[in-house]
Every structure is written in structure tokens, then in C-alpha cells.
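By letter and in written order, the chains are A, B, C and D; residue numbering begins at 1 in each of them.
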Amino acid sequence: MPDYTADELMTVVAARQLADRTVCFVGIGLPSAAANLARLTHAPNIVLIYESGTIGSRPEVLPLSIGDGELAESALTVVSVPEMFRYWLQGGRIDVGFLAAAQIDRYGNINTTVIGDYDKPSVRLPGAGGASEIATSAGEVFVIARQSARSFVDRIDFTTSLGHAEGGSSRDRYHAPGGGPTRVITDLGMLTPDPVTRELTLTSIHPGVSVEQAKAATGWKLRVADALAVTRPPSAAELSALRALEARTARAHAEAAE
Amino acid sequence: MPDYTADELMTVVAARQLADRTVCFVGIGLPSAAANLARLTHAPNIVLIYESGTIGSRPEVLPLSIGDGELAESALTVVSVPEMFRYWLQGGRIDVGFLAAAQIDRYGNINTTVIGDYDKPSVRLPGAGGASEIATSAGEVFVIARQSARSFVDRIDFTTSLGHAEGGSSRDRYHAPGGGPTRVITDLGMLTPDPVTRELTLTSIHPGVSVEQAKAATGWKLRVADALAVTRPPSAAELSALRALEARTARAHAEAAE
Amino acid sequence: MTAFVSLAEAIATHIHDGDSVAMEGFTHLIPMAAGHEVIRQERRDLTLIRMTPDLIYDQLIGMGCARKLIFSWGGNPGVGSLHRFRDAIEHGWPQPLAYEEHGHAAMASAYAAGASGLPFAALRGYLGSDLAKHNPNIRSVECPFTGERLAAVPALRPDVAVIHAQKADRAGNVLIWGIVGVQKEAVLAAKRAIVTVEEIVEDLAAGPNATVLPSWVVSAIAHVPRGAAPSYAHGYYARDNGFYKRWDAISRDRRTFLAWMRENVLETGDFGEYEERVRKAANA
Amino acid sequence: MTAFVSLAEAIATHIHDGDSVAMEGFTHLIPMAAGHEVIRQERRDLTLIRMTPDLIYDQLIGMGCARKLIFSWGGNPGVGSLHRFRDAIEHGWPQPLAYEEHGHAAMASAYAAGASGLPFAALRGYLGSDLAKHNPNIRSVECPFTGERLAAVPALRPDVAVIHAQKADRAGNVLIWGIVGVQKEAVLAAKRAIVTVEEIVEDLAAGPNATVLPSWVVSAIAHVPRGAAPSYAHGYYARDNGFYKRWDAISRDRRTFLAWMRENVLETGDFGEYEERVRKAANA
């Protein structure tokens, strides 16, 4: 039995994707945990930007919302939301947009809007927020999501955030300034777009996970790289940094609730 | 002999036009002197806005430039120049735009761009600065200028800032949010647009000035109101406030130059 | 000119049935107290505008105040769904809710366009997004220089903006800091503006480039300490994350929700009384 | 990533003949020292961009560095004409100067559009102004919602922005305050950015919403105390109004101008030496 959970491994692997000094526009939840773990381990000079307007946030604990006070207090500066979306995101100043996904398809297109029909949804999700423009303006996009046949689907019900469209060079017709998804990190492995077809392909599998498991957790016929890597397990340093961060976070959120 | 100069009277009269609590977008030079005199006399709560971004400036001395430090230090707050022109001027938050003029015609159209042909000017003037949009966005526009046949001309060489176009309702075709010039204060008197033709008409004449003088100092056939008022001379309080302001200004600018 | 009034009077004077109302606040400085007062005064047919409708909009929608919602992200931040918002959209309870949905980039630009006296905002956005197929207010505009097509959305010009701020001075100038969101734009885009504040001070002690709303763009100021709770006011109190989590259970069921709103909002006279009751319940 | 370098190296590395260069500063924080260094290094065929070209642009134009000027107000603030600017436009001396003329509202929006990655800016401007007849870069765009026609100008995207700021920290983050003008927009619109600063500090001690340019949007920082004189740096030194007045006489005549520039700029090694020489002359 490994001494870490699947979620811990997912977060560690996601964190590893972020090089030091990357300017990263961070979604709340899983992306924020991964980006802050990167900052607390191998990427001390990573620049974390949240859509609430905080530039260079260095929170001690993970924010519950995209606009927690900790993000502002620890930031280099805080700008207005219109400025954030105009000068910083659309202005092309973001290296990596880090998104979560409710539904994702084989080309990395993401749905966070509705399950079912838009006008008569069976489940109404929160919507786009900043994601549509993060997906098209950031230099590249990383996605983090727990893998299951319910969320990794053959057809998403609604395209909130453009990935590689219908694959190949089809994204080009939208003239998006950014390059789109380059990796999808899950609790089972990592998927990267095929250089030609842009179809998400399993290129790394987590220790203890079988290819069959990964295929079963995918709503399309998952392609597997010939040279399938096995993910390096979390180091003791990575695990202890993540656990300390999560313990601080739990403590802080319990206190604040009093 | 009066105990004041023509320029002093002009500034005093211009200041009187500004009611307390007016939000006034102030041009540099004569408008700034008048607006600050208003603030120091009958209009203590006037809001002075300069295009450099200062909102609610209360300078002790007159600025030489539109962005002197005194304007920022004494302001309620200072915004960026793009914000100033977008949220405050085009946003319709200005009651009165107070402009100077190099050339002005009978309908209050103003030229501060060139004398002569635009492409081969005989005199190149500074240009529009903020004036074009002040002239069309402010609720109303006051103009202050020394009157002479060289500056009050039959045809201006270039329309920098729209007045009442060709008179009558012709300004309407530009769909300007603001109402345009409502008074022109000079060293000889005050001109206001005729309610119907919008032609600038001499409605008040300064003490000691003759109608003939005013006509001679106007490049078009100047119309004179039937009920021509004679301007009330500066009060002792107005004069002493103006002279104290100018003395402080001269002293400060001499010191700063050292 | 600003009037210093009670919150009840500010809402009574400036918000009418059928108005479009933007109660803004991006996680920080959410005007909760003002929203409660709108519920107490039983406003109807409002068009609610907000980038991030959260608990207070969930309450307004669940209590039947809203006819339409214009928004770009509707969730309980860090927790999950807004159940009243979802119930209105998914099942039309307590009444159908029309909605116009955008992304943050578009809505932020639409407020800025409103503040700038422009009829629309252009943005490099909605590329490949299905939203444009469902929202007729997402159109396009051609750059007259490059020929590029950009997305365009209409300017937001609410009848009323409502925000919560840290401070006002006695002249009625308002200061906010920290995460300032789109509050300045919302106020400047709106015809009228109501501001609740943590405190009223002699001197704002603001830095030279602070986010200050001059008194002459504010219609009414009401002194409502803690008026943004359970969200937070930077420098005053922290976010009550626990309440956001509890709201999930309170709001999930229609009857539980209605009973809670009756007991805590309708049957309390003001925000102070509300907070006391909620605090007691949390500690019980 | 910011490099801390000498001003001479910053100019040598980042400004090339033929570049479009925006040295911005709205009366405050004008990058005089950087402009002098461009003159010393004899750059040619520059497209100079600035809302308010003043003394330093007068000098650059008179010394033959500029091929084209994009501007919205060209004068010696509070004094009168810029004689070298006028001589170039009126008589083509020392060489013809192409120019593209705007109003402030348009230029400020054009920088903001450049910073926002948009190809154009729309504004409610140029109504009834003759400028649109002479500048083919003033066009119009139709609102896709109301059908209104608005003025449109192309975004400004300079090759290089040059600004002077009060402080940088050792990581290369830059702080400006007071009249901040369009400097942030110019830097974010530009491909490269050079910043001269009054001082380099351990901690910017900036307020939560201060105008800070992060190190990763700045190409080079040079420490040049008093680098904005004779304009001013809020919190450091006042505007030298006397010099602005003296410039009128220095610049009026071509030979006087050239002699002055040779003695004070070309024959000095850096801005410190220049300032010492000018100060001595003023006191003589």
C-alpha cells in the first residue's frame, strides 16, 4: 500500500508541471492546491495570479474562495477585476492557465456550464467565470480533474472553454492567442495531446494504476502512448509540504468559521 | 482708473460663473486660475478635476502644468489618465468643462491645433489634448479667452473642439452627450449663445469698455444683446483673493526653480 | 450629493420594483446587509446583475425578488452549488428566472463600458465557447483597422449599484481597498449608487492613488458595521467560511430555506439583529 | 525577467534604429535621462509616441532621432511652444517629421487597448473635430447593439516603453505613485520596457492597490536618481519650472539649441554629469 492518497499524488504531479518563474493564472480548488504546492517546493518564484485581481499571491493557507483575504494580503499588488481580465489575461501576460473541469472531452474542451440541455439543464453548474478566456489567452493550459467516465466524456454537453476543438489544427480557426491544453493531470495518470491529432493520450500512469483502470475511467476509447511512463511517486518532501499546507488550511478555515 | 487690470476682471468674472459643488474639468492657464479663484471665494466645495488624473484638487498655488505635484497632493484621489478620460469624462460625470481657446468662432467652435493649413501650418499650436472630448462630453462648456479680432475670427482654421457647429440645432447631428458652450468670458465682456441661432452674443460688457471696442475686437459682426448688462466690478474680497493666489503662485514657482 | 441615511431608507428611496440592480463584490465586501433589506422590503421583478452571484443572490432569488439574472459565475465559492439559483433555473421555483449568462472577461468589460459612457465593450473572448449560441447579447464587431472579429457585449448600465465599503468620510467620500473587484465600475455605470460602510471617519487616510468614490457619485451611504458578513471586509473581519458551508444545508431544501429566511431575515429588524440571531444559532 | 543595468546598456540593448518608442510621463516622472541617452547613442528613424511630447521629445526631434511622432498635445506646459517640434513640422528641420495626431481620450484608450491585446479602441470622441479628416487612423465602428457610430483608433503597441519610476525593489518590481499617467498601459502595451528609478529598495512598502509593475513585465531597470528632472518625482523632488521657462530661449534658435545640446548632453557622460553642468550654468 502506498503511503499517499490518489488525490495527493494528483496534486503533487500537477505541481511538478509548473516550472519556477512561470506566471500562472490559477483556478480555485485543485489548481490552487497544485500551484501553491509548486511554490512551496521546487518553484519558489512562481507568480500566482487569481482572477479576483491578486498578482503574485503567496498564501500560507489555501483559499476557500477565489478572493480570500489571504490572497490579497500576500500579493505583490491587487488590481481591479476589469484590469485583470483586460491587461493581464487578454493582454497576453499569462504563461499557464490552470483549470479544473466538470466535463472534458478527448480534445481538452471543457464544460463547466450545464449537464443536459442549456435551456432545460438537468444540472446547472456555476458557469464560465474566467475560464473561457483563460483557455484561449494563456500561453498554455493545464487541466486537473479526477478521472471518471462521467467526467471524461465522449461528448461534452456544452463547450465552456475551448480546447483543441475537433482536433488536428481545428483550434486554429478561432485565432486564439494561446496554445490550449498541453497536459491533463488526473488521479490515474497524465494525458497529453497527440502532436498531430491533438487527441488526449495517456502518456504517464500513476504507480499501482492499470491501463485498464484508466480506460474504464474514460468515456472515449482512450489512446495509450507506446512509451507509457510510470509516474514517479511523491517524495517525502513533496508529501510533507502538501500535508503541512492542508493541515494549515484546515486549521485556518476552522478558526475563521468561529 | 479702475484699481484692477482687465485680466483680473476677466478671471473674477469667469470664477463667478462656477456655482458651488460644480464638478469642473479644468484646462490649464486662465481656466485654472478662474476655477481656483471660485474655490477660494464663493465656491468652497467646487470639485476641480485635471486631465492628469487628479480629482478634487485644492492647490494652494496655481499649477504651471496640468500635472504639477500640488494638484496630486491636494486631491481627494488620483486616477490614471485612461480612467480619467473613460470613466470620468466620457462617463458623463463632468458638469462644466472649462476651456481656453487660441481661435474661436461665432458658434463657439474652438481651434487649438494650427494656424493656416493643417499639412503646412504657418503656426503649429499644441493640439487637442483633452479639449475635443471635454467640449462634447461635459454637461456645458465655459470658455475664457482674451478678445481680439485675431482670436475671435469669422472662420477658424481648424475645428479642434466642437461648439455649436454652424449654429441653430446643427450641433445635434453629432450626438454629443454634452450641451456645448454656454458662456465665453473675455477681457471685454461676456458672450452667450443666442437661444435659437446659437450665435455668441455680447450680453455683458465690462465697466469702462465700449461696445465699439468689443466689436472691433471681434472678427465677425458681433451681435449685442438688447438688454446689455454692465459687469459688476471685482469686489475687494475677490481682488484680494486673486492677488494673494497669484502672489503665492509667483513665489512658489520662483522657489521651485532654484 | 450623498445622503447619510439608514439602510432601510436607502433601499426604500433608491430601489424600486422592476429596477435593474447590481450588488457587486468579488468574494470580498459583498453587500449582504443591503440584500437582506431588499428582501425585507419585498422588492419584486428585479433584474439582478452580478459577476459572481453568491449567497445573497441565492436568497434574493429564493425569496422571489428577481425576474432576471445577468451573471458570469453562479456558485457557492469553495463549497459547490447555489441551490436556490439552481432550483429557479432547473425547476422555475419560486418563479421562472430569466437569465443572461456571460464570462467574467465580458461582464467586467461591460461594466467598464457602462462607466465609460460607451454602448458596448469589445473583447478577445468567447472564442469557441457555446455561450455565444445561447446569449443573443454576445455579438461581434469588426476591427476597422485589421478586419479581425472580436466579441462584443452591451454595456451594463444598472438602475442602481449597491456596494459595501470599508470607510466613508463625513463629506461622503468612500474608500475601498484590498480586492476591489468591479465595484468602482458598477457604481460609475449605474444611475444611482447605495454604499454601506464599516465606519464613518473624519479622514479617509487614503494613499494618493487609492480607490476612492467621491461623494458626488454616491446617492446614499448607510453605516452598517459587519454589513458584508459572512464575506469579509479587509482590515475589519475575516470571511466566515463556516457559514458558506452551512448555507449548503440550509438552502438545499425549499422549506428549510424559507423557514430560515423567515426566522433570520424577515423577522429581524436589521442586520445587527440578524447577525446576533445567526451567531446564537451557530453556537447552540 | 528584469535585468539591473546601466542606463547606457539598457538603451543600447533595447532601443534600435527604426523602433517605435513610447517615453511616457504625464508632466510627472518624465524619463529625461533615458531620452538623453538615446540622443547620446544617436538613434535614428525612431517613431516617437507620447500623449504630451515635451522638452525631451523636443530635444530628440531637434537632434534628428525621430522619423515620426504620434501625439495628442505638443507644447511646453505652462510656457508655450515646443520650438524644435514646431520647426520640424513647419519647416522640416533638421528633417521632415511625419506625424499622427490624436486627442488625449483616443491616445489613452489606444494604449489601454494595446495593453489589453485588442487591435483597436472605441471611444465617444472626435465628434465634430477636424482631426478625423487629417488622420486616416481615426475611423469609426458601429455598435452591434444600438447602431451608434463611435470613433475608433488603432491600439498602440510600441516596440519599447520607457518610463521613470520612484522605486524598484531588488527583485525588479517597480512602484509609481502620484500622477501615474499612462505609464502602466504603455509598459503593458509594449514589447519591451525600460524603467529608470529614483531608488532601489529592499521593500516597496506599497499599499494593497498600489500601481506596481511586476518584475516580469520589465526588461531592464537602471538606477538614475533625479532621472526625471526638470520634471518631478513625487516624494523626491519638485518640478523645475524655471528650466521649462529657460528652455523657451534655448530652443528657439537652431544654433543656440545645437550648441546647448552639444555642451550639455553630447559632451556629458551621463545624467549626473549633465545635471551638474546645467546647474552650474543656471547659477552662473
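Following the convention adopted for this analysis, a contact is a pair of C-beta atoms (placed from the backbone, for glycine too) under 8 Å apart; a residue touches a chain by one contact, two chains touch by 3 or more.
Given the structure is predicted, the values throughout are model-derived calculations rather than measurements.
Under the contact definition stated at the top, the chains bordering both chain B and chain D are C. Taking each chain's centre as the average of its CA atoms, chain C and chain D sit 40 Å apart. Mean C-alpha position of chain A lies 57 Å from that of chain B.
Across the assembly, chain D contributes 112, 116-118, 123-124, 148, 178, 180, 184-185, 208-211, 234 as residues in contact with two or more other chains.
Touching two or more other chains at once are residues 72-73, 78, 86, 90, 137, 177 of chain B.
Chains touching one another, given as pairs, are A-C, A-D, B-C, B-D, C-D. Taken together, the chain C residues at the contact with chain A in this complex read 26-28, 51-52, 71-75, 77-79, 81-82, 85-86, 89-90, 101-105, 108-109, 111-112, 123-131, 134, 148, 178-182, 184-185, 211, 232, 234, 238-245.
Against chain A, in their complex, chain D makes its touches with residues 1, 112, 115-118, 173, 184-185, 188, 206, 208-212, 214, 216-217. Residue ranges of chain B in contact with chain C, taken from their complex: 21, 23, 47, 55-56, 72-73, 75-79, 86-87, 90-93, 137, 177.
In the complex of the two chains, the chain B residues touching chain D come out as 28-29, 51-54, 63-69, 71-73, 78, 80-82, 84-86, 89-90, 109, 113, 118-119, 121-133, 136-137, 158-162, 165, 171, 174-177, 253-254, 256-258. For chain C in complex with chain D, the residues that touch the partner chain are 116-120, 122-124, 137, 139-146, 148, 150, 152, 154, 177-178, 180, 207-211, 234.
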